[in-house]
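Worksheet: one structure, shown below.
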Amino acid sequence: MTTIYRSLLFLLTVGLLAMSAAKPTRVVFFGDSITQAGVNPGGYIDRLKKSMPADQYELIGAGIGGNKIYDLFLRMDDDVLAKQPDVVVIWVGVNDVWHKASMGTGTDPDKFIKFYDAVIKKLKAANIRVILCTPAAIGEKTDMTNQQDGDLNQYSQFIRDIAKRHDLALVDLRKAFLEYDLKNNTENKDRGVLTTDRVHLNDAGNQFVAEQMQKVLTAAK
Amino acid sequence: MTTIYRSLLFLLTVGLLAMSAAKPTRVVFFGDSITQAGVNPGGYIDRLKKSMPADQYELIGAGIGGNKIYDLFLRMDDDVLAKQPDVVVIWVGVNDVWHKASMGTGTDPDKFIKFYDAVIKKLKAANIRVILCTPAAIGEKTDMTNQQDGDLNQYSQFIRDIAKRHDLALVDLRKAFLEYDLKNNTENKDRGVLTTDRVHLNDAGNQFVAEQMQKVLTAAK
Amino acid sequence: MTTIYRSLLFLLTVGLLAMSAAKPTRVVFFGDSITQAGVNPGGYIDRLKKSMPADQYELIGAGIGGNKIYDLFLRMDDDVLAKQPDVVVIWVGVNDVWHKASMGTGTDPDKFIKFYDAVIKKLKAANIRVILCTPAAIGEKTDMTNQQDGDLNQYSQFIRDIAKRHDLALVDLRKAFLEYDLKNNTENKDRGVLTTDRVHLNDAGNQFVAEQMQKVLTAAK
Amino acid sequence: MTTIYRSLLFLLTVGLLAMSAAKPTRVVFFGDSITQAGVNPGGYIDRLKKSMPADQYELIGAGIGGNKIYDLFLRMDDDVLAKQPDVVVIWVGVNDVWHKASMGTGTDPDKFIKFYDAVIKKLKAANIRVILCTPAAIGEKTDMTNQQDGDLNQYSQFIRDIAKRHDLALVDLRKAFLEYDLKNNTENKDRGVLTTDRVHLNDAGNQFVAEQMQKVLTAAK
């Protein structure tokens, strides 16, 4: 091989690596109405787009209002796999619990785990890095008197166990929200600190979630 | 090819056809607690085993108590496809409706249809003949005052529409039960005519279901 | 007694009778959000005020959104008895049924009857004429596939039985709505014929209810 | 007044006081299935009968399975006031919360408070000493992951507030059970420490409740 040929090969390799390095990590945020609103101006995904380098991260919202874990399962081919993401952040659980009381169509504990596992299995089979989140809140009262606190704690624990079992990164928003509210919600209000309506994020909530997410997204895994 | 050789080949072919003809049609009954009890002595599957020729039909129960349509979806690989059936009879829906009130974990109408379609799609892909049934009853009162009558009617209509859309045979047990009760339940009792407890079959109910099923199972399709 | 004195007594008596005749019958409409909206311009109570002679009938709305039968019981002293009505029209039941699915706080069948009886007992003890109404609709589909049809039929039957037991006039709106919809809702829509949203009255609904009410209000009892 | 007459008067007074002292304090335990079972051998009321002097305390069970606060209200004339008790111990709340999920007929928070107030008002009007209890548990897990923990905490707080507002003694069984389970349920089991089935008392539970009740019953108020 001549020196010139070697040099060309070297340049080509460097170029390919550079191109490869230039391709940003594609992240799909897969969730419910909280994530649907996350792409709005000031939403947590919108904030992440501003705080994370655009040449390194392509952030895509895939949230639909009212979604439970099995809605994610039913639409994951079209809404997630078709986008060929590198990373998927799953944030679900509020409706699985809430719809028990508000519609009679919440998700059974064992079925929640089974469908969650099925979603992860399909993502892993496509070599996608998966990050899990616990459902943050249905009510911000800090003395465990929000109606769904017990059930949300239960489903959050399911997700922590699933993360551990599959060795996946976790954004423990349930824990983080409670700690934040214990400090900042001294009047034991049920909304208005991180949420507008006990569930959906206000400005502080979107900022807080963006920060929690960014920490885990940028951590080596 | 010599004549003898030809004759041997002919006999072999006939023999294979005969063996093929001798292999009974394998039917899996896929459902909830009503089907789980159907294999018990006197149950509707047990009755079908006696009334249908065993050399023509192999009848297998695959019912599990409390199952909703998405439970069927989650376990269909292990409990149905692994058995390589020729026919699958799906009878589900009572819990999808009932668990709204009794557990808060019933099935949303649109999700009921989506999972039902997903189950049928997988069965058809395996070249399995699929027969659908409507959920019979939660209460036998004939004046449409059983608590879940409206919702059961709705989900039954979903199943009729699905059968039509996929061109599948239907055992319309909801319709058949109402007609039977209109004749035989003149006191407007909520149980005791075809059911023991408003839902699960008594002897008359098991016999009635067996008859309705047999008609459709033996019909050419 | 002199003639003049007799004449004065006669005139006084006539005057008192005239005054008595002039005092209009006071009717309180006691119910939920449907009745709360009934006093709005175009609402059924507003229409009754226009169609019934004001010198003969004083019509007062006492509806509060979300009310169930035991809400009526809890507030009847303040909101009804304090107004010393001659007639009370009770129209309740939609939330007793609906809140089972939407909040988990519907009313048990036996408790519905007990509180209904308790309300009637207190009204009768105050010599008030009581008129009952059945809950009209949660969904206008005419093929009994509205989710709550069975339960609404059941609670309507309770009210018919209560009316019979207490010998009270009944405005059977459930029956009347179904008959109207069977004629006018040929597309089997769930709203838009007599209701805006499956429950609350549109213009046609307010007019229809006003007519049904007026018939019973003006009937001799 | 003669000496003899004085002496007779004195004896009569002493006799009346003696009779008065001899009349034991009549206590009615007013509640749900937990109290209904409390009179059974080994039940908490049965244990109290053995541990408290029979000449000083007459203990009467008035529990009915499935009762919510408004069931107590509906039957208090017959089942409590008619017995002319000196003390009434109210222990209710589990079904007000539980029936939301299991029947769709739980009790609204504001209605729970209103009916509780109405029960207390009638008891106080009859000069009866009232003792309140918080609902102990629906599940004994100590990490606040029992499904109804949030709601039970909320309703327990309502009862603590009601006790304070009416200046009534309180047996805070919810707090006591949690403290006991934190010490004795180190495996975080959902039953088997103080309950048989997450709700109803086992032997240890009956003994524990008896001890908590006795402390408050014998305290001067």
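Annotations
By written order: A, B, C and D. Residues from 1 in each chain.
Just so it is clear, a residue touches a chain if its C-beta (ideal position, glycine included) is under 8 Å from a C-beta of that chain, and two chains touch if they have at least 3 such contacts.
Everything numeric here is computed off the predicted structure, so don't read it as measured data.
For chain A, the chain whose average C-alpha position is most distant is C.
Just to note, of A-B and B-D, the chains joined by more C-beta pairs in contact are A-B. For this pair, chain B with chain C, the centres built from the Cα atoms lie 47 Å apart. Chain A and chain B have Cα centroids separated by 40 Å.
With centres set at the average Cα position, the gap from chain B to chain D is 51 Å. Among the residues of chain C, those in touch with two or more other chains are 100-101, 103-104.
If each chain is drawn as a node and touching chains are joined, the picture has every node linked to every other. Chain A meets chain D in the complex at residues 100-101, 104, 139, 143-154, 157. Residues 100-104 of chain B are the ones touching chain D in the complex. Every residue of chain B that touches chain A in the complex is listed here, in rising order: 70-71, 74, 99-101, 103-108, 111, 114-115, 118.
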